[in-house]
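Note that the chains are named A, B, C, D, E, F, G and H in the order they appear, and that numbering of residues resets to 1 at the start of each chain.
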Amino acid sequence: MDEKELRRLLGRLRRGDAGVDEVVGALKGAPYEELGGFAAIDHHRTLRVGMPEVVLAERKTAVQVAAIARKLAARGPLLVTRLEPGKAGPARRAVRGSRYDPVSRTLSRGRMDLPVRGPVAICCAGTSDIPACEEAAVTLGVMGVPVLRVYDVGVAGLHRLLARRGDLDGAVAVIAAAGMEGALPSVVGGLVGKPVIGLPTSVGYGASLGGLAPLFTMLNSCAPNVTVVNVDNGFGAGFVAGLIARQ
Amino acid sequence: MDEKELRRLLGRLRRGDAGVDEVVGALKGAPYEELGGFAAIDHHRTLRVGMPEVVLAERKTAVQVAAIARKLAARGPLLVTRLEPGKAGPARRAVRGSRYDPVSRTLSRGRMDLPVRGPVAICCAGTSDIPACEEAAVTLGVMGVPVLRVYDVGVAGLHRLLARRGDLDGAVAVIAAAGMEGALPSVVGGLVGKPVIGLPTSVGYGASLGGLAPLFTMLNSCAPNVTVVNVDNGFGAGFVAGLIARQ
Amino acid sequence: MDEKELRRLLGRLRRGDAGVDEVVGALKGAPYEELGGFAAIDHHRTLRVGMPEVVLAERKTAVQVAAIARKLAARGPLLVTRLEPGKAGPARRAVRGSRYDPVSRTLSRGRMDLPVRGPVAICCAGTSDIPACEEAAVTLGVMGVPVLRVYDVGVAGLHRLLARRGDLDGAVAVIAAAGMEGALPSVVGGLVGKPVIGLPTSVGYGASLGGLAPLFTMLNSCAPNVTVVNVDNGFGAGFVAGLIARQ
Amino acid sequence: MDEKELRRLLGRLRRGDAGVDEVVGALKGAPYEELGGFAAIDHHRTLRVGMPEVVLAERKTAVQVAAIARKLAARGPLLVTRLEPGKAGPARRAVRGSRYDPVSRTLSRGRMDLPVRGPVAICCAGTSDIPACEEAAVTLGVMGVPVLRVYDVGVAGLHRLLARRGDLDGAVAVIAAAGMEGALPSVVGGLVGKPVIGLPTSVGYGASLGGLAPLFTMLNSCAPNVTVVNVDNGFGAGFVAGLIARQ
Amino acid sequence: MDEKELRRLLGRLRRGDAGVDEVVGALKGAPYEELGGFAAIDHHRTLRVGMPEVVLAERKTAVQVAAIARKLAARGPLLVTRLEPGKAGPARRAVRGSRYDPVSRTLSRGRMDLPVRGPVAICCAGTSDIPACEEAAVTLGVMGVPVLRVYDVGVAGLHRLLARRGDLDGAVAVIAAAGMEGALPSVVGGLVGKPVIGLPTSVGYGASLGGLAPLFTMLNSCAPNVTVVNVDNGFGAGFVAGLIARQ
Amino acid sequence: MDEKELRRLLGRLRRGDAGVDEVVGALKGAPYEELGGFAAIDHHRTLRVGMPEVVLAERKTAVQVAAIARKLAARGPLLVTRLEPGKAGPARRAVRGSRYDPVSRTLSRGRMDLPVRGPVAICCAGTSDIPACEEAAVTLGVMGVPVLRVYDVGVAGLHRLLARRGDLDGAVAVIAAAGMEGALPSVVGGLVGKPVIGLPTSVGYGASLGGLAPLFTMLNSCAPNVTVVNVDNGFGAGFVAGLIARQ
Amino acid sequence: MDEKELRRLLGRLRRGDAGVDEVVGALKGAPYEELGGFAAIDHHRTLRVGMPEVVLAERKTAVQVAAIARKLAARGPLLVTRLEPGKAGPARRAVRGSRYDPVSRTLSRGRMDLPVRGPVAICCAGTSDIPACEEAAVTLGVMGVPVLRVYDVGVAGLHRLLARRGDLDGAVAVIAAAGMEGALPSVVGGLVGKPVIGLPTSVGYGASLGGLAPLFTMLNSCAPNVTVVNVDNGFGAGFVAGLIARQ
Amino acid sequence: MDEKELRRLLGRLRRGDAGVDEVVGALKGAPYEELGGFAAIDHHRTLRVGMPEVVLAERKTAVQVAAIARKLAARGPLLVTRLEPGKAGPARRAVRGSRYDPVSRTLSRGRMDLPVRGPVAICCAGTSDIPACEEAAVTLGVMGVPVLRVYDVGVAGLHRLLARRGDLDGAVAVIAAAGMEGALPSVVGGLVGKPVIGLPTSVGYGASLGGLAPLFTMLNSCAPNVTVVNVDNGFGAGFVAGLIARQ
C-alpha cells in the first residue's frame, strides 16, 4: 500500500464510506496468502521489488515446488531455481508451457514486459562456470533483458577476453563469473566503464575453499566498479543486472 | 585506442603517411605517463572506465599525494581517498579550490558533467557508519550524482527506516551501510525494487571480526537485489552507484 | 542431595542410626545408574536442571536409543532428538504412547506439570527453518509450555512480520530462527521487550558456511535482548525459552 | 503507537476532529528526534523494548556522549557503556548525580521501577573477567534487579564453584563469564535449572583468538540451558538477564 | 646405528677387517626395507622411539594392510589403526592370533614387555567419544600398560566425574576425551596432579567445526597440566600416555 | 602473434597486399577455436607458455573429455589430469597410443622435444602422497624431463631421507610432497641448494583441514628456497619443475 | 579434604565432639582465602595438582601482583609469569630473595623438593623462540627438575640438531619450541622415544597467523609421541614436562 | 662434509694417520660456531644451499644484528633483511662498505660470483608493493643476478602490463607481487612460458585479511606456472628466482 492508496482509504473513512474497523484491518493486513501451511506467498512482491517471488527449490519436495509454482504462474512469469532434474517433473507438468533447463537447473515461463536499455554481458573464466552463468541468463530472460554470452575467457589466456571486448563495451552491465582464483572481474572491471557484478563459483580444488577464495579475490578487486554476490548465486547476479538494465 | 583510431592509423600507413615503425610503436605504446618513478598515471582511464583515476592516499607520503593530485587535477575532476587529516595539507595547497572533508577523509575538486537519472540514496545503521557513507557521497558528488542521506536507521528500530521509505523509493540505487550484524541491506532490499549495494563497515566489537561478520551477512542476504563491496569501501559503493545512476 | 538431606543424614549418624561407612558411601555415591555399559543415565537431572535427561539419538543405534528411551520413560516425560525416521521404530515401539514427528525428528511422550506464564513465540525466516523450529516446539511441549508459531516471516518481506507483531507482543520469550543472513532476531529484538533467542540454521549456500554466517550475524546483533544458541540447536532454544516461561 | 492510539486517531478523523494530512503524518511520523545531525534518539524505546536507549560511547567523542547523555537523562534512567575514563568527564558533569565506574567503564544514574523476581547471579572464571561482569552488574542495577557476585570460580578449581552453589540456586538466571577455554557456563549449566547466559571474554592468549575460542566453547555446550552473547558483551548479558528477572 | 656400533665398525676398518667401501656403505645405508614398492618399513623404530611401526590403514587397500601387517607381526607386537570392518579380513587372516576390535577399528596382537608404573586413566564426556578412547586403550594394551576406563562423565553432570575421582588419582596419566565444548580436560586437570592429555573428538554439530571447537577449548585450558593431540587421535593420546607410564 | 609477424602483416598492408579490414581482423582475431560451444581450445598456448593446453577432466563428461583430447592430440603431446578411471574409456579410445595411469589419474601420449638439464627429484613423506607425486611425474614425462622418485621419506624417520640425499643433490629442482604436518619441504630445503616446490596434499585427518595445515606449514618454511603450489596440485608442481629443468 | 579427613570429621560428629552445623560448614567450606576482593588464592592446589598456584601477571597491576606474590611466597616456592620488566619491581621487593628474569619475564623463588628422574631437554628452532623456552626452564627450575638447553636447531639445518642428539636421548621428556613452520617437534619426535611437548611460538610473519600455523603443524605431526600446548605457553610446557619427570 | 671428504678421513684412519676418537668426533661434529650464546652461525650453508646465511633482523637487537653481520661479512657476501632504519646504524658501521636501503629495509655488501643465465623480471600491481619487490631485488643483487623492474602494472589497467610484455619474455623467471586481489601472477603466468613466483603482499584493506586474500588467489591460479611464497616474503621470492637463474 502506497501513500496514494492510504489517502484514498482515509478519505473513505472520513466520508463515512468505510468504518474504523475496516481501516484498522487494512492497515494491519498483510498482502500475503497462506499456502497449505508450508509457505507464505508474497503477491505484492512484484510491486515492491520489481520481480515476482522466485522459488528456491532446494530443500523443498517436488510436490511442494509444483504447488507453489502453479500458484505463482497463475499471476505472472515464473522462475524456479536450484531445481534438480529428478525433482523437476511435477512442477513442469503443473505449469503448462514451462521450460526446464538442466544446465542452469531452472524452470521458467513467460517474461516481464518492462522497458529495458540494452543487453547484459555474462562472461566466465572456464566452462565449469557455465551453470552459474546460465542461471543468471535465465533470470535475465524472465526479466525481459537480452543477454550476450562471453564464455571461457579466463585471465590466463587474455587474448580470448580481449577479442571479445566489443561485446563487453556494448553492455549496460557485465556479470563476470569465475572460480579458482576469481581474477576475471578485476580484469573486466578495468576494461569497461560499466557496473561489473562478480559472481564467484565453487569451481576449484585444494585451497579454493568451496568458492571463498574467488569470493575474497573479487571483494578485494582493485577495479572500483566491481560488486559481488554470494558463491554460485547466478540468480542474484542476474537479478541485479536486470534491475540495472531496466532503469 | 578504439577501432576508429586504429583504422585511421592503418589508413595513414596504407597511404604512406606513416611508417611501419610508427604504427608498431603506437600499437605497443601504453597511454600512461611515468611520474617520478613511483606511480604510473593512467590518463585513458576516464574513457575506459568512466572516471578519472582516483588516488588512494593510504601508504603514500603527503608529498607523493600532492604531486599526483596536482597532475590529475590538471586534466579533470579530482578525488583523493583515505587521506588522513595530518597528511592533507600539501595536496590541498597543491590543488587550488580543492576541498578536504575530515569525516570521509577525502580531498576533491570539480565534478564530471554527464547526464544522470536521479538520486542515489545512502542509508546506514548507526552514526559510526557515517564516515564510510560520506566517502560514497563525495564520490557521487564528483560523478555529478545527487545524494539522499538516510542515516541512523538500523534494523533494531524499524520505524526509523520505515519513516524514510519514500526517500528510498525515489532513488535509482541504494547504498546500505552497516557494521555489527549488517542486516540493513536485507531489509532495504525487501522494501525497494532497485539495486542495493551492501557496504559492510568495521564498526562492531567481539565477534564482528573487523567487518567480516556484516560482510557475510550481506553476501547471504535473502533479498536478491543486494550486491556487496569490501569492508569500509565507501568509494567503491559510491562509484558503482554512480555508474548505475549515469546510464 | 541437597543440604536438607545432608543434615538428615548427618543427624542419623549423630544419633547412631547410621554408621560412618554408610555416610561416606552416600556422600561419595553418584545418583546415576549404569545402563549396559554404554550410557550413564542421570536420574537426578530433573531436580537439578529442571528437565529429565534428553536423548540425543545421533551416533546411537536404534537399539541403544530404544533401551535408553524405555528406561527414561519409566520415570517421567520422554524426549528423544535427532532421531532419523529409519531409526525411530524400535524406540517408538518400546515406549507405548510415544509420538514420532518426522519434521522435527523427535520422539516424545508426556509433559512436565509445572506452572508456566504464557506462550513462547517461535518465528522463522523461511520454510526451510521449520525443522529446527519444530524441535524447539516439541521441547516446549514436553515442558508444558504453549507455543505460538510465526513462520516464514523473513526480513526481506517485513510486512509479513509486522502483521504478526501482536503474537510476538503476547509472548514471554521469542525464538527467532534464520539461516542465510540470519537477520530476523535483530529485527524481532527491536520490536519486542522480551528475551529473544537467536537460533541460526544451516539453511543457505555459498558463503553461509554451514550456518556460521547467521550465527555471527546474531552474535553481533544491535538489539541487546538477543542471545544465541548453536546452529540448528532447536532443542536448546526451546529448553531455555521453556525455563524462562516457567519461572 | 499501539492499536488503541490508532483507533483514537482514526476516530478523530472520522469525527472530523483531524484532517487526512494530519493522520497521514502521524502514521508516517517516526517517534524519534534528530540531535544535532549525529544521532537519532529513540524515545519510544522504553515502551517497545523495556529499556531506555543505552549509549555506546565507543567511537563517539566526549562531547557527543555528553550531549546524548543529558538528553536521555532528562527522560529516565541513564546508562552509558564502553566509556573510557579519559572521556567520561563531560558526560559526568552534564548529568548531575551520575556515577562513573572505571572497572565496568559505565556511567549511570537512576534505576527503572518495575517488579522483579529475585536476584541474578553473575559468576566468572578469573579476575580478568570482572570488567565484563561489572558491565552486566551495572546494567542490572539500572534495571532495578539485585545481583549476586560469584567471582573467580574457574573450572580448574571446582571446589570454589561448588562452595558457592547455594548462591547460584537462589538466582532466577545466571550469567557465566569466562575467557581462555570458556568452560564455566557448561559446568554451571549442569548445576542449576535456570537460564544460563554465557558471556565469553577476550581474556586469554595464543589460540584464544580474541575470545572466539571461549565463544565457540559456549555455543557447543553440552548443557542445554546455555545461550550465548557476543565477546565481552556484558551489557547484553545483563540486559537479557534483567528481562528474565523482570517477568 | 649408535655410537658403540660406529666405534666397532671403525675399529674393524682400522684393523683392516673392513674396507673403506664397506664402511661408507654402512654409514649411508638406511635401516629400512623396501616392501613391494609401496611402503618403506622402519625396523629400527622400536629402538628409536620405543614402539614398533604402527600401520595407519586409512587410504591403504585391504591387501596392502595385510602384507604390511604380516611383515611387522613377524618381528614383534602389531597394531593397525583406522581399519574399517569391511577391510579387516585379510589382515586378520594374515596374522594368526590377531584381534580385530570394531569399536576402536584396530587390529592388534601381542604386547611389549617393558616395566611400567601403574595405570593410565581414560575418561570421556559422552558415549560417542568411546571409539577414540578405545583406540587409545588398545594402543596402551599393546604397550603393556593397564587402563582404567572412566566413561560418560561430561562436565554438565559433575557428580558423575567426582564419583570417579579416586580412579583418576591413582593413575600416572589421564587421557580426557571430549567433543562438543571439550571442557572435560580442564576440569580433570584441576582435580589431579598428573599429566592430562586432551583428546578432542569430532562429536558435535553446528559450530563444533568437526572437532576444532573442543580442540581450541583444550589448547586454551586454564589447567596447566593439559596438553593436546589432534582431533580423534586416540592412538597418539594412548602412545604418549604409554611413554609416560613406562618411564 | 609476435612483433615479427606484426611487422610482416603491416608490411603487406603498406605494400597493398592486404586491406585495412583484413589487418583489423587479424589484430583483433583470437588464436583459438570454438569447440562445440563448450570449450575454447587455445592452440597458441605452446608458443606462449611452453606447454600444450592440458585438460582438467574434473567437472567434464567423458564425452567432452574425449572430444577435447582427440583435438589436442592431433597437434602435439597430450595430457589429461583428474580423470577418474570410470570416465577414462572414451578418451583412451579416442587417442590411439594414449596411456591411462590410475594412480595419478592421468591420460597422456607423447612428449615434448626440448633440451633439458637433468632430472627433477620428487620426494614425499608417506605412501598416501604418491598419487599427487605421480601426477607431477607424468607431467614431467610429457615435458620430456627425467624424474627421480624418493618416496616415503617423512621427517619422523630422518634416516630414510638422509640415505637418499645423493639423489636430491643431483637434481635441478625438487618437488617435496607431504600431507599431515607438511614438514618435508623445510627439511629438504635445508639439505639442497636447488629450488624446492612444496606440494601439500590432503592426506591427514582432524585438524589437517583438508590440506590447509601442510599448506601453511610450507608457506612458513624457514628454508628460503621453498615455494608452494595448491593442495594436491601435482600437475602445477610438475609443470614448474619442468620449466626450471628446461631452461 | 581427602577421605581420611572426612572419616575423622564424621567420627568426631559421631562421638559428639562436633555438631552437625560444624560438619556441614566444613563440607561446604572451600579451602581458599579471599584476598582483598580481587583474587581467591587456592592453597590446597599444591596437594591437588602438585604445584603451588602460579601467578599470571598479565592484566594485573604491579601492586596486585606484589600482594599475591607475597602471600604465596609465605607458604612455598613462588612463580610469577608474564611479568613485564616495568611491572616487576614491587613484587621483587615484596618477596625477599626472589629473582626476576627479563628473558622469560618470570619472577621466582625457591624450588619444590620432590624426587625427580633426570633432565628435561628444551630445544628450539631459532633464537626468537628462546623466551618461551626460558619460561619453561624457569618453571622446571621451580619444580626442581634439571634442564638441558638445545637451542637454535631448526630443521632447515639438520646437522645442528643431529649433533645434539645425545642430549635428547638422555632426557625423560623433550620440549620442542618453534614458530614459523613449526616442524621441529615432528623431527625430534622421530629421533627420541620420549614424550615430546610441542610448544608453538608466535615467531613468524605473513601467513604464520600469530602462531596458529606452527600450532597446526604440531597437531598434525606424523610422529605419534608429540602433544601440543597453546602458542607461547612455555609455562604449560614446562609444567607438564616437570610432572612427567617427577613420577 | 661430502663423500670425498669422508673417504679421505676414513683413509687416514685406515692408514693409522687418524685415531677412532678423531673420526667419531669429526663425524658427529657440526660445522657451526656458537656466537655469544644467542645464535649458531651456519658456515657450511653456502655449500649446502647455495647462499650464505641471511640475517633476519626482526626480533633481534641492533647490537646482535651488528655482531652477526660482522661475523658473516668476514666470510662472504652479506644480506640482512627486515632491518628497520632505526636499528641499522650499528650493523652498517660494523661492516665497512655495506649499503642500507630503507625501501627494502635491507643491509647488504658484495655479491656471489656464480654463472647466471639472464635477468629475473620483478613486476608488481601497485606502488605499495614496491618494498617487497625491492627486498627481492636486493637479494638477487647479492646473488649476482640482473633484475628487470616492471612496476605498477596491476590488472585493472591491462595495457600497462601488455606494454611491458617484452621485458617479461626476456626473463628466465618472473616475480609477480600483488596485494588486494592478487590477480597479477595469473595474468603474467598466462603471458610467459617461465616460472612465475607469486609474491602476495599485505597491501589492502577490509577483507584482504593481511595478505591472505591475495595469497589464496595465487594458490588457486589457473595459470599452471605459478608457485607462491609467504606474504611479503620478498627475500624468499628473490632467492628462489636467483636459484632458477643460476642453474
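Just so it is clear, contacts are C-beta pairs under 8 Å (C-beta built on N, C-alpha and C of every residue); 3 or more make two chains touch, one makes a residue touch a chain.
Just so it is clear, the model here is predicted, and its values are computed rather than measured.
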| item | value |
| --- | --- |
| Third chains touching both chain E and chain A | C, D, F, H |
| Superposition rotation for chain E onto chain F, Cα-based, multiple of 5° | 90 |
| Reference interface A-B: repeating pair among E-F, C-E or F-H with over half of contacts shared | F-H |
| Averaged-CA centre spacing for the pair chain E and chain D, given as whole angstrom | 49 |
| Centroid distance [mean C-alpha coordinates] between chain G and chain C, Å | 40 |
| Distance between the centres, which are taken as Cα means, of chain G and chain D, whole angstrom | 38 |
| Separation of chain B from chain E, taking each centre as the mean of its C-alpha atoms, in whole Å | 58 |
| Residue numbers of chain H (touch at least two other chains) | 3, 157, 162, 189-191, 206-208, 212, 215, 219-221, 223, 230 |
| Interchain contacts, given as pairs of chains that touch | A-B, A-C, A-D, A-F, A-H, B-C, B-D, B-F, B-H, C-D, C-E, C-G, D-E, D-G, E-F, E-G, E-H, F-G, F-H, G-H |
| Residues of chain F that touch chain A when the two form their complex | 28-32, 38-40, 42, 44-45, 58-60, 200, 202, 211-212, 215, 230-233 |
| List of chain B residues in touch with chain D within their complex | 127-128, 130, 151-153, 157, 159-160, 162-164, 203, 205-208 |
| Residue numbers on chain F that touch chain G, as the complex places them | 125-126, 154-158, 162, 180-183, 186-187, 189-191, 204, 206-209, 212-214, 216-223 |
| In the complex, chain G residues that touch chain E | 47-51, 54, 117, 172, 189-195, 197, 215, 219-221, 223-230, 235-237, 239-240, 243-244, 247 |
| Interface residues, chain F side, partner chain B - complex | 3, 6-7, 10-11, 13-14, 16, 20, 23-24, 27 |
